[in-house]
Amino acid sequence: MQSRIWIEGAATREVQHMSFELMKSLRAGLIGGVVFAASSFAVLAQETLKIGGLGPLSGGGTSWGLAAQRGMDLAINDLNAAGGITAGGKTYKLELVFYDDLYSAQGGKAAAERLVHQDKIKYIVGPVGSPPALAAISVTNPAKVIALTNGYAPGVLKNDTPDPYNFRLYNTNLEFGPPIIKWIRESLKDIKKIGLLAPNDAVGQAVAKPLAEDYKKEGFEVILDFFERGTKEFTPLILRMMAQKVDAFEFDGNSPGDAGLMLKQIRQAGFRGKVFQVGGPAVDEIIEIAGPASEGFMTYDFVDWDMPKAKLLREAYQAKYGKGIISPFMPAFYHGVYLMAEAIKRADSIETDKVRSALENIDGFDIGIYGPVKWIGKETYGVNRQLMMQYFFSEVKGGKIVKIKKFTP
Amino acid sequence: MTTPLLKIEQLSKRFGGLQAVADLSYEVAEREILGIIGPNGAGKTTAVNLVSGVIEPSSGRVFLDGRDVTGQKPHVLVESGLVRTFQATTVFAGSTVRENLRRGAFRLLYPGFLATLFDTPKAREARARTVAHVDEVMHWLGLERFADHVASSLPYGIQKVLGMGIGLAARPRIILLDEPVAGLSAEETDHVRDTIRLVRERGIAVVVIDHNMRFITDLCDRVLVMAQGRELAQGAPRDVLANTAVIEAYLGKRYAKAQR
Amino acid sequence: MLEFLSRLEILLNPTVLGQVIVNGISLSAIYILVALGFTLLFGIMRVVNFAHGEFAMLGAFAFYHLTKDLNWPWMIALPAGVIGVAAASLVLEWLVFRWFYQRMFESMIGLLGLNMMLIYGGVLLWDTHERNIPAASQEVLMVGDIIIPIDRLIVVVIALAALSAFYLFIRHTRAGLAMRAAAQDVETAETQGVDTRYIYKVAFFVAILLAALAGSLWGQIYAVSPHLGERPLMMAFIVVILGGMGSIPGAALGGALLGFTESIVGTAFGAAASAFLSFGVVIVLLVFRPWGILGTPEN
Amino acid sequence: MTQATRITWGVLAAVVLVVWPWLTDDRFLHHVGVLIMLTAIGASSLHLIIRTGHVSLCHAAFMAFGAYGSVLTVMSLGLPFPIGLLVGTGAAALLAATIGPIVLRLTGKYFVLITFLFGEVVRMAIVENVALTGGSNGIFNVPPPHPIFLDTRAYYYLALAFAVFAVGLCARILGSEFGRAMNAIRDGERLAECSGVPVIRFKVIVFIIACALAGMQGSLMAHYNKVLSPENFSGIISLNLVVMNVIGGMSSLWGALIGAVFMVMLPELLRGYVNIQHIIFGAILFATMAFMPGGIIEAARRVKALLSAKPDASAPPLARAGAAE
């Protein structure tokens, strides 16, 4: 049973910060009562440009939403520290307004309605998942609001909207799947049969079937099994696959926590073959859960923490939010804010029509996290609104993630 | 001889291994008061439940006015003129006396779902009739002065009378009373007894269950004595009281011997 | 039908069968632990504890912090954490639970509120990502072709030990006897001189103890997060209904049934089938025998 | 209240409901208005079931039947929205007629449980049936009932009309002799049956009507959101509807309506307190059930009783102070 009980919910970042501070102090000392602190309002000399953010802040997807919110928050701090952004002769300080999308269509719509129509926000990064993304763009597009969404469902880009204002923030498995699978076929030659385990939630269902098709196209035999989300005991499913003599397991579409558990249980069940995931890049969390069982695990990955800006970002994150695991949504949403800011600067205007065309022509933009990025997607979705950046196939060696193959767009 | 109003034939009920009621047979004529008496656990309440359709008998037959009504649901039996009261939950505790009786008069009141939804003339007419009928029942049972009192606030004895009133509001031909005087004072018991006599005067037959010997013998035309689910004796109160088996069941074997 | 039989064939493989059984036992043991406390609270206080899973969560976090931050060996950390959580929870008994004794409906909704408070309090305190309690042992035991992770084996042994201790407690101690009397009929127990307020506290302590232990073991073999309690709660609820609400042997039987169903059906037919089947069976059972397999009907 | 003041209040309420969207151009407020109207349909229809003494935890499953029935009729068969709405409502009613006679024999916690499980089974069936329902990702690009309803203000009036119909129907049923029988069933099922009320049949009728209204709400919600996915019909949504009734007060239809307004507005009022918001909400649930199980309605009644119990001004000040305690 999920414990979300809202028809809709909302958040602003101040309180998230506050609660985070609270968390730290609680962790440090005795558990006291809940302390309410009024957030102080800075006196603003410049004009303010609000940037909207959407992601789940309650329920099972909370860690994704928090990562998105923190990434955006760090980006806005960095941009403001650098003097804000200048467009049309005015300098704007950025301000984040982040709402909970509940990871559902209804929540996504409600949150988007509020951002667009009450807060009059023109630039949104998010939502994180397909159902809220699909609902949110039905609000943002008619209002000519630019939205950089996530959400793997092709419909986020491929739909009947005549004049869309939404883009997708990073690669989906339609982009990175085929090249990596081709590489697997060429490099890991003794793998013939692959067992694919995915949850029957929105992510799993959107990801697993196309992925299975991609594997089949490369000549692999695939066994696909969906499980009810919330399952923690995967051993029966693993045994079933092992009895069918799979050579490798594939985890894409699972939350990192579940993937870590599966990895642990696969090794405990005595499976010695390869385990990998073409997608779902949160390797740190998988290693945390699976422990020593994660050795040799291979994964898709799109953040190169060795890049100069990425290193700084990681330090800034740890200084502010502690040394916990960093979800890849954090740099992705950080990057999204920068993308939006760059487009506004280049358009030299805050009119969304102009910003949209500037954004469309942003190919080659590089802030030092991903290397240069570009828009693709004409063949797949009919529009060039799918961001494409470098990505990797990595392997866990000695508890560390080691890149074994780099793919550049 | 006319057909009896209520006729029970060889009624039996088993709960798992327990024989709650076995081969029970009796008849009730129009305007008759039949008492069913027996020690605790004799199966008296089960006997009422079986007849009123609250539980289904394992075997045996129930005839109402010559018609086989075995196993019919309580609300169907109400349509045929058989109502009952309960030992514990006799009234709708949170409602007024008037409301209690109006609920009891459901059979007269309810004109069908659509009719009540649209408040058709038929529905209005039914309502007017019920209001009059409820007033009449209150008058008859002496409940008028409590009309707007909440049932749970009334003295226990009045609640028992109200419980009967709920049954009588449905205009029955026979009413089954399950321990109507349990827990009442002697004075209240007499009041209930008089009320039951009033009911009979209205032409309604009564089956009354109790273990209060004095109350039953005072009131009833005939008495049926039960023990361990079976009939022990049946007949006029005086004859039954003289029956050795009954004395044994009630007062113990030793007492019966001493009397002999 | 052929498809059906061919799927069952998997179970004939001795390696698979052995593992299915080991899994069935460990799943059953955890379900029983959670369900026992749940059914105890219901049986004695008529409280439907929808916050039960969160005590498992608290137990898991206590175990996590003691092993990971304080580096206590798990053999000390486990009992210390579990008893600590159960003792600390007596505050909640005083603040929250006592208002709901003998008020079934109110307890359902009110404790759902407590459930939310605990989960989101946990999110504030611990963030949402999942954590891992280091395995007690990485080794596996080979019995013929059957592979048994030692980690799992330890969990099974602890769970069985706790269940036996619980059995002895309920059968052979004065408090246990009083609890059984109270579970049958509170009013009668009271007239017989049972101090119900005391019994409620003991029952609450024991129930939370079992939940916290189940949570710790759950966290040990799976993972720890503020949302940990949701699944155990649902399972406990189903187990208890299956076995009969308030019935202790019923909880044991229900837990074993559900654990083995999940293991066997999950292996032969996949997870979705296993979920549909357990729900379907419980629905059918509710229709025909709402008081559960070993419960008694209420009037 | 006299007949005249009652009518005055009614007219005033009607005017406010119709006019307020024109007092603001904030589309978000209009959106909240739509949500309140649609939620009121669900809450008041569930209230009907609760009034027969059954707390159903699968109301969202019937909303799902309404939503998918309607959307599939419109999108796959190409039929107009009114037919979709009818099909959706009918599908929900049919489902209720099928399971009602079975589940309504159970009472109390058993009913709560079986409906919870049933709701889960429906949700799982939607998730598994990817070909028909789009699985977890659901169906998107759902067309509005008519292009003019792309405007939120227009949709508000559509939702208002249906809400008035649904709430009016519920109020009418509760106020009729049928409602009297429902109260009798709730207060004493066996006694009601022995007074001639066909208990099961009446419960099934109530269940069918309530679930059909839930289906109607589901259909309207889907065509408003333009996206539908199983998340919108999970047990949490059903639970929300129960909570609305509980917080508002289960003794009267007003409770359901107040609860609906409260539950839609509360997150807005607490905006910004994301996780703390859930904690506060949990605390409200706990406090309501522990100390005020009659909900807001009962609280209001008590306050009113307290006010009317105020002694008249001629009483000595000390006595007045005492009475206010």
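A, B, C and D are the chain letters, set down in written order, and residue numbers restart from 1 in every chain.
Keep in mind that, in the parts below, a contact is a pair of C-beta atoms (placed from the backbone, for glycine too) under 8 Å apart; a residue touches a chain by one contact, two chains touch by 3 or more.
This is a predicted model, so every value here is computed, not measured.
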| item | value |
| --- | --- |
| Distance-maximising chain from subunit B - centres being C-alpha averages | A |
| Most central chain, Cα average position | D |
| Pair of chains joined by more contacts [C-beta pairs], A-D or B-D | A-D |
| Where subunit B and subunit D are represented by their mean Cα positions, the distance between them in whole Å | 41 |
| Separation of mean Cα positions, subunit D and subunit A [Å, integer] | 35 |
| Euclidean distance of C-alpha centroids - subunit B vs subunit C, Å | 49 |
| Distance between chain centroids, defined by C-alpha means - subunit C, subunit D (Å) | 34 |
| Where subunit B touches two or more other chains at once, by residue number | none |
| Subunit A: positions in contact with at least two other chains | 1-3, 5, 19, 58, 200, 226, 228 |
| Where subunit C touches two or more other chains, by residue | 115-116, 119-120, 123-124, 272, 275 |
| Set of all touching chain pairs, with the criterion as stated earlier | A-C, A-D, B-D, C-D |
| Subunit B contact footprint on subunit D (complex, rising order) | 172-173, 176-178, 180-181, 183-184, 187-188, 190-199, 205 |
| Subunit C partner contacts - residues on subunit A that touch it in the complex | 1-3, 5, 19, 22-23, 26-27, 31, 58, 60, 62-63, 66, 200, 225-228, 230-233, 235-237, 239-240, 242-243, 256-257, 260-261, 268-270, 285, 288-292, 324-325, 327 |
| Sites on subunit C touched by subunit A in the complex | 10, 13, 16, 19-20, 23, 27, 115-116, 119-120, 123-132, 134-135, 138, 140, 147, 149, 151-152, 218, 222-223, 225, 227, 230-231, 233-234, 262-268, 270-272, 274-275 |
| Contacting residues of subunit C [partner subunit D, same complex] | 48, 96, 99-100, 104-121, 123-124, 237-238, 241, 245, 272, 275-276, 279-280, 282-283, 286-287, 290 |
| Residues of subunit A that touch subunit D when the two form their complex | 1-12, 14-16, 19, 34, 57-58, 100, 102-106, 108-110, 113-114, 116-118, 130-131, 134-135, 138, 142, 153, 155, 159-160, 200-206, 226, 228 |
